[in-house]
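Common to both upcoming complexes is chain A, partnered first by chain B, then by chain C.
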Partner chain A sequence: MYIEPTLFVRVSSIEKITKQVKKFTLFPETGKELPRFSGGAHISTYLKIPSGLIVRQYSLVSHPDKRSNYEIAVRLSENSKGGSLHWHQGMKVGDRLQISYPKNHFSLSFKARHHVFYAAGIGITPFLSMMQDISTNRQTFELHYASKSEESCVFHSYIKKHYPNQSHFYFSDQHQRLQTTSLANHPIGTHVYFCGPEGFIEQFRTASIELGYPILSIHSERFSPPKPIVLKAFQVKIHNGITINVSKTETILEALHKHGIIAPYSCQIGRCGTCELPVLKGRVDHYDSFLSDEQKEANNCIIPCVSRAKSDKLVIEIK
Partner chain B sequence: MKWTGDLAHFPYPFKGSTYRYSNNSIPMKQPYCIEVTSSYKKEMLFKRKLLSDHPERCYQSLPHSITGQWEIVEIVIDHLVSQYPQDFSIEQENNRWIFTNKILDEKKEFIFGEKNSLPCEPLFFISQHVQEDLIYMRQRDDNLYLDAGQLCFPANWSLAFNIGMKFKSIHHPIPGFKEEGLDQRILQFLMRLEAGTPWERLNWSLMAGDRLDTSLETFNQWGRLRKQVTSENAGELVHIRVEVQKLFRLPRTNSILFSIHTHLLALEQLATNIEWLQQFYEILSELPDHIVEYKGISTYKKAVLKYLEKQLQQVKTL
Partner chain C sequence: MSMDAVFIEGKRKYIFCSDEHGLRVLSSVFENVKKEKLAYEWYHFSAEKRECLEEFLSKQKMGTFLYVELPYSELHTVQMMAKRIGFSSDETQYFGYGEKWISIFCCRCHELNRAEEQQTGLTCHQCELKLEVSDHYSELYHAFLGYPATG
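What follows is the complex of A and B.
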């Protein structure tokens, strides 16, 4: 399986910023500076624990132009499967780990006339670098931030100090509720951004759509864990010809080539899309990073250099 | 520039016996966006002359591209210094940078991120130190836009025309590109590029003559050579033009750097490698008309095929 290139870092400080959240500072091991990033960016962290490798995504909360170190904030999750638990209980200053290069799946809109951020709890993290970017670009924004209490509100004093006029806090222990009704008050051309628990995002997304926000003006971020690969053997039938066996250890593309079938390809890591083939029958198990979610759901094409079959047999078309 | 080095290092673009448009990108083994070749000095002088004589043709930028331009300065200098430490160096004291180009014997001091510390825009500055053409594609609102570029050696396209355009609009003239859904597929691929994983692809065309600066604006000067190709002079006159194209995610602006290094090889040189000669002959014979037309080969394809056949016959009779 393809493993993305990573950077080696060490933990240089751990700071408990609320009862449940710790902030970790990571500095590059090689002495070479870390890449800059854009507002809303995150990294994947790779933690080696006795039971295996844990991959988790965290937004970068340091300044996007700061290259000497990165900062992430990790909330100890009540039902942690190991990720946040290890960060909170296992991690020590000086520990070494691998991180991905910064990625951004939650970027600021370029054409927005005004940005409005809705955060719940630890969902505040991607907005910190976004607010920094906006301040430099001299654009306008507002932040609506819900938390259980002032004490548990992550980065509360920092935000209050730097963005006193743009930020609004809602503490449920003081009976303040962040409600979707405020979505109706933003000027035309506003882009809205949601980050927090699944239910929170869904509620605000639905309300925005009902209010008539264009889909492209609604942004949200969910982190999903990588899909573990299921390696089983199956068969592939070429629509007008032979059936070939794909063993556990080979890819469809390799099996095709082994049988002398001409199938174009390029990257062989499921990213460039060159080897895409139409699927006529059977269920596809997608492992590529090329097709969109809609294209994957349609189940009518496959990236054979990495993807496999869920069913025992796939019928594909090769011209 | 016309290939003068060892043929074994020429970026020969073909595999198989047919050619179709595709995203033939592969992850790079050596992650550098630039390459310094033996014709560096000569090409830099030529490039600088073009940049000063025809700035509107060779350089375009939109005002919001400046942060991205600094990112390009940073990545290009980093790659020059890491790959060619004997030729390039950088001294950094906070944001005060001193860049030294020992090949051209030049030293430049500037404040990183401070536009007024350079006499020109950052992308214009750094492009005067590399053989590559440098294109900045900004990813914004789920699309890619050509927001800045330095282009001295285009293969028959116009930067001044394409500035500010979306990826699909830029590639609209390629026949079949849209109909086959390739434009959407390649756009999708580009928007998912990640920092730390740069890509490389080779693109090719044929040309009559050996000009590097075949812009659309100067077609009247170089296009007419196509009519002068015969099976007798094709070996010398016709060149295969190969672009080594590299793609890097720029993480600060979440955009893409697209660098293009152009190489020219006369057919008579290509023909000295018998495998290449045979393979290129097969590919050109089979090439669909719409690709022949778009690559500008129609006028002289017959003459080139005849030339290649003659060369193949000579090989066989030896």
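What follows is the complex of A and C.
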């Protein structure tokens, strides 16, 4: 399987920060400094478990200038396919793993006059390093952070202590709701950033666009793949003749792997483009955030970790 | 800078900024905004009230679109001001009319000279130093800096 260039690290500490979230500190095996990253950056982590290799993306929550170690926060998800489950139950201090170099699809805009962050739940993670970057640059920002309750609010006391004037919390158990109406109050020159569950991001994106925000002033980061609207089964024919069935519940990429077909991938959320494959026949239902609109229109390639078929059959090329 | 004002849909508010002469290009867009019953505000510009404009623009919220039609002599200043406040190129359209000239600040005697937009050199009308027009724009003097011409 394809693996991008990586760094070897070991887990130096594990801290339970809420009922569902643990923070892991990773230090470089070589003892050399780790690369500096910019606010909003993430890493891919590669975990070897008996059933194979699990690749997951996590935002770096440590200070961007700190190079002796990296920190990530992992939430145990209810329907974990193994990633967060392994982090929570299998990982011990001293364990060794591979991580990618820091990558950033969610960086701060240089053009913004003011930054506003909207986070829901574990979606807070990329904003920690962004707030640290901004504080160093002396720019202005606000944080609007929704969580189920104060106890389950990740980094609550840290944020409250360091950014008392900029942060606003919304706890649903106290009937406080983070609403899109606050988007109407941001001064001209504001850039907005959304991170959280798919529905949350969509709701805020749509509301911003309806208010007339330029697309370039809206930024979002997803950690889960977008949910297709229509989920139907279809067939994928590989140009060498094999036909495989893709069920309603699996992705093309998963179906390919199940049949022992080697297909590279990394993020599995339609963002990095690693898994791109040429399409020879059939209509593609694009769900990725990697291909441009023109490329999607052209219908000659697919991001199989998230995209599906509109037609009953797709013919794709695998070398 | 495009020639025709284009109506940009889907904004919560439209601002039209011009002086009494500058209604030519903006009127069709304005009709559109009125017809669709969208929120708008006219800002009647005068050079003396530049600070008021700055204050007015700074108070605007996201989702606002700005149309400006002014003499070339004022347009650049307003454009720089709006940009500084945070209006991006996706939130603005600018139209100039009249004589196209720019101010050049003499680096020796600090006099402001007039020059045509495309002009690359001139002689300072006060100290007679030969000046080269740089692309350094001074917000303070609303002028491009003129340096001693070489060669």
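By definition in this document, the second predicted complex is superposed on the first by the 223 of 319 C-alpha atoms of A that agree within 3 Å, B and C clash if a C-alpha of one lies under 4 Å from a C-alpha of the other, contacts with A are read in each partner's own complex, and residues count from 1 in each chain.
We adopt the following convention: a residue touches a chain if its C-beta (ideal position, glycine included) is under 8 Å from a C-beta of that chain, and two chains touch if they have at least 3 such contacts.
Not measured: the values here are computed from a predicted model.
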Touching partner for A:37 - first (chain B), second (chain C), both, neither: first
Would you check which partner chain A:216 touches, where first means chain B only, second means chain C only, and both and neither mean what they say? both
Looking at the overlay, what does A:242 touch: chain B (first), chain C (second), both, or neither? neither
Which superposed partner A:273 touches (first chain B, second chain C, both, neither): first
Looking at A:113, would you say it contacts chain B, chain C, both, or neither? Reply first, second, both or neither. second
Chain B versus chain C as contact partner of A:5, first or second or both or neither: first
Counting residues of chain A touched by each partner, does chain B or chain C come out ahead? B
With both complexes superposed on chain A, which partner does A:190 reach: first (chain B), second (chain C), both or neither? second
Look at A:100 in the shared chain and tell me whether it touches chain B only, chain C only, both, or neither; answer first, second, both or neither. first
So the chain A residues that chain B and chain C both touch are 111, 216
Residue numbers on chain A that touch chain B, as the complex places them: 4-7, 35-38, 41, 64-65, 100-104, 107, 109-111, 216, 262, 264, 266-267, 269, 271-274, 276, 289-292
Which residues of chain B touch chain A once you look at their complex with the stated criterion? 16, 20, 22-27, 64, 71, 138-142, 185-186, 188-189, 192, 194-197, 199, 249, 251-254
In the complex, go through chain C and note every residue touching chain A. 10-13, 57-65, 85-88, 90-91
Would you mind writing out the residues of chain A in touch with chain C in their complex? 111-114, 183-190, 192, 208-217
